[in-house]
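Given below, in the form of structure tokens, are the structures.
The following pair of complexes shares a single chain, chain A, combined with chain B in the former and chain C in the latter.
Now for the complex of A and B:
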């Protein structure tokens, strides 16, 4: 017979005796509240929206019919969806890589800083403290064609009035939302990469120093490969963040004008929540989530591989 | 001087006594006055259908619009409560879009626990489709409806029933700068409007000829009213989209030509109502369509550079020889789930009474009752505002002759959602007007098919 003792205090120990079967069931019993919560707030909405993607569900219609693969078939011939999808992938790729390059440069500089590193870190983390909605409003104002900071700055510098419609013209609209997103996401990269750089052992660098390696060679052949797992982790997390980017874009351009800055989630929102077409919105979400899953799988496979290579 | 330290308990005790005394004094002071007023002034509660205390103990739950001056009307509710013995409980207050969202969700989920709801001529079809509203013809007689502007009442009749009792409405008219153009230049057609807007554009002075709200329903609605003036329709009698007709293409081309000519601000595709109003008030727009609701803002010299420098005109006509007149009205409906329909109807009658309309007319709203219009137009003759009378007469004329709502179907907003991004593409020159409208028509046809308009299930 298995026994489990529960000690309340050194002076008063109480022992509960339970059978082996009960001991097997106990972990599940303890897990039940968590599993129920997960089922209610994660599993049920997911399965329900999956079911909706096979119906013609409309919030204002009393009846709902099963339509099979209709929404998915229509999706594959929906040019706007695939354009938005492609734009989202481009946005994600550019944003992650820009954040990585800028973040790596700042992290490298900060790792060398002897004074004021704490203050620098605090200042750098400030963009992360703002809600994305506020960042959206802030950059919307920066790029406003009539009263925006950027056009006014250009006027001050050149003495000529510049009414550049940043949020309207191609590719300025896309660049504007990219700038806002990079501003908001770079500090995260800096923190992760700086932690990686500071955790590196000093011996390989001392050996490289003795061998006369230059600063670039040390970075290229030591720092960069050794912080590989940190890079992949940071990029995977940011990629997932960016794959579901919505707030900043919604506030700054709403995906428009036309479809010039339309990303996948602004399109889904317009369809599902403004147009009440939850069925097509759900189908789009599932296609997007599956692709995001494949992308994340690819990134994490690289994380594992780089760790494995690190051990070798 | 000796001081005594006061404990927190003592402080609370004295503060409580002081505030209690203040409340008692205020009640003592106001009671006789209130009683005197009640005896001196006859009640304005003039509806024969209401008997004293006929709803004693009934609680009427209400979902209402709030913000701006909308809440002022609710100040007459206590008098109705006093007369009928019922009580009104607000279950939700929000702006129009929040209220619409709440209604759509509640009707879909079957969680309606209120009797009266705010309603709008552009939104009510969604609630009818969701089977959420009570037909009102059984609760409001023709006699009771006779005083309302007929087009407003007709705007919410569908499927043989009346669904909304109008409260106030809004419609657009041309607002033009009198310091930039003369009254003789006021355009009578949209073709003239287009040429005039190009002519008035003056980049050196920072003046744009015109502008439109450039996204969401605001853009779809403006397109709708220009297209109908040009003789087009959004749908034919079989509910097939027809806005890609020559009239639709002509309307869309006008927007695109004005933008390409620099006669509209480059950022217009991001403008909503507030943006266009602020631009006009900032003095950078020569002529454009605007709702009457902004009038007092434009005439306020502390907020507007064009105060006293603008005039109003009827919306232009198109090739269809009819004036544009995209309009909408606010009102009240009874929910199907209501357990207190007689009391709910009585409350709506009270809120949309002459008294309610007079109160709202003083706040600047364009109200629904014709008798109130007659009165306020007479009063406006003595106003110091030179446009006061003209504004009211023009608005009434438009309400009686030009008032046009979008199609009375639940799909108007989803359709607008499909249409406006394509209109933006046309305006920016990303797509040709005909091709863009053809694409939009195909998407709208698909949406209507899904909604079951053509008898197909998908």
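Now for the complex of A and C:
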């Protein structure tokens, strides 16, 4: 944290021996390439879809008219949207907490492992290397009711054929997509939390050892509070990733059957691309994106605060 | 590695340590099982795959699925949906798009991160927040407007269009990580370099950049994996094999009535190989980079 003082120190410009004018220009010059890319790929499309959300735009219709707030009004009275919204929040909450708990346990074990840590880490990171679409396809196949790995395992273990429709029944579909998402997301948690544990100073632990603290006491009163910033970062990044969840769910269940496992983005896709109601889809994207903006803002306000407190 | 000394400091491993390691191996094995199953499926004969009751131990192993994918001759000839897939073309597209976009997002992200870490300027917090907000927008929300824009610019179904897209997707996270890595480097170091007569650029190139390399490796992993694995935008922008990457190509293994699971598993393994090599090479730098302070606060 000591390095923070660097940026706010007015001496900094002097050290760089640059004029006040240049000091103003240079950081913007450095930021330009990245910002241009973001303007083309993110900002422009977002403005365009903002405009579309006030029209009756449809890929198959020749003319587009301005309809004002019609799409938004339609959206707020759409029960499926709110259900999907609620389900997404529930999904996010469950997934991020499960990933955190499992990730913390593995990170703690990993940081203490006697040998093969590099190899273990590479193996553990494999789910991270999978394309989310690939995870979707593979888990759809594992949870297949006829020939899936899960039902086959049950068959062999119990000696009786099980044809459990994992992806179809009510809580099971949700649980199946949760399992796939947690499998894919946990390694990221492990990496960040392990980095946190490895970066801790040794002295407090030596002192605790001298005082005869148990392993759990050391974890509870030293490790856990000290890796707080890492926990915050890991959970913030994963929450934002989970708020965008689409690929895995779209392939495993497509939000169905019916709308049983519908999450926000599978519903947007269903409306916009399958249902050709792109305008309502845009309005829906917008409402959701604004909610995640607020969420991002809330999460990163703290990051900014601790990074460059007292700027200028 | 000294930071973990406390666990092993000055004492021999006890039986408890070995039990703890055994538990770790077991958990990692569980995480590894799906990967193992995919590898196993890709090298089994087709008739052993979708059977009831299941056959757990393979009776014979064959590399036919890989040969079919690569267009090499096999004893039974080419069969399954995988036989129609221009694998070489997809591999070329994926490799070019992922590596070039990673290179550019690292460069742009490093410059941006340096600006955040070493300069105080008006609007810094807003720009930083804006970048994080850009990251919160999912590909699905961008896909149609971006498709329309790229069609106008002549970038749809082009490798260049895909590279631009992935550079933008990866810049915010890279900039954020690099900012942390640069801040972890004591400013006194480049002050010393400046006193010794280095120009600002050579201080950046000779002092800050080399010290931030582990951080760049960490950022590189995330950027590469995103570009290698992204689906929602690739699916809309790449319409033909001219620019199609692996993730949308996976759909070609599923037909309306039959799916070529073995072919898909073979391609999954082929997709994993470059990612595994890359991660294995830089995982140590990744941990060094992440422990150096990028994640604090």
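Worth a mention:
One rule holds in what follows: the second predicted complex is superposed on the first by the 261 of 312 C-alpha atoms of A that agree within 3 Å, B and C clash if a C-alpha of one lies under 4 Å from a C-alpha of the other, contacts with A are read in each partner's own complex, and residues count from 1 in each chain.
Keep this in mind: a residue touches a chain if its C-beta (ideal position, glycine included) is under 8 Å from a C-beta of that chain, and two chains touch if they have at least 3 such contacts.
Because the structure is predicted, anything quoted here is derived from the model rather than measured.
Of the two partner chains, chain C is the only one touched by A:265; chain B is not. In the superposition on chain A, contact of A:113 is made with chain C only, not with chain B. In the superposition on chain A, no contact is made by A:99 with either chain B or chain C.
Legend: residue contacts after superposition of the two complexes on their common chain; A:146 is shown touching both chain B and chain C.
With both complexes superposed, C is the one of chain B and chain C in contact with more chain A residues. Of the two partner chains, chain B is the only one touched by A:254; chain C is not. In the superposition on chain A, A:276 contacts chain B only, with no contact to chain C.
Looking at the shared chain after the overlay, A:181 reaches neither chain B nor chain C. Of the two partner chains placed by superposition, only chain C is touched by A:43; chain B is not. Shared interface residues of chain A, touching chain B in one complex and chain C in the other, are 146. Across the complex, chain A meets chain B through its residues 56, 58-62, 65, 67, 70, 74, 144-146, 163, 165, 167-169, 253-260, 262, 270-271, 274-277. Against chain C, the residues of chain A that register as touching in their complex are 1, 3-4, 6-8, 12, 15-18, 23-24, 26-28, 30-31, 33-35, 37-38, 40-46, 48-49, 52, 105-106, 109-115, 118, 120-134, 137-139, 141-142, 146-147, 149, 152, 155-156, 161, 183, 186-187, 191-192, 194-202, 205-206, 209, 229-230, 233-234, 240, 243-244, 246-247, 265, 268-269, 272-273, 278, 285, 288-289, 292-293, 295-297, 300-301, 303-304, 306-308, 311-312.
Against chain A, the residues of chain B that register as touching in their complex are 104-105, 107-108, 126-127, 129-131, 214-215, 265-267, 269-270, 279, 410, 413-414, 417-418, 421-422, 424-425, 427-428, 430-431, 446-447, 450-451, 457-458. Against chain A, the residues of chain C that register as touching in their complex are 2-9, 13, 17-18, 20-21, 23-25, 27-28, 31-32, 34-35, 37-38, 49-54, 56, 107-109, 111-112, 114-122, 124-125, 127-142, 144-146, 148-149, 164-165, 167-169, 171-172, 175, 179, 183-187, 191, 194, 200, 225, 228-232, 246-248, 250-251, 253-254, 259, 261, 264, 268, 271-272, 275-276, 279-280, 283-284, 286-287, 290-293, 295-297.
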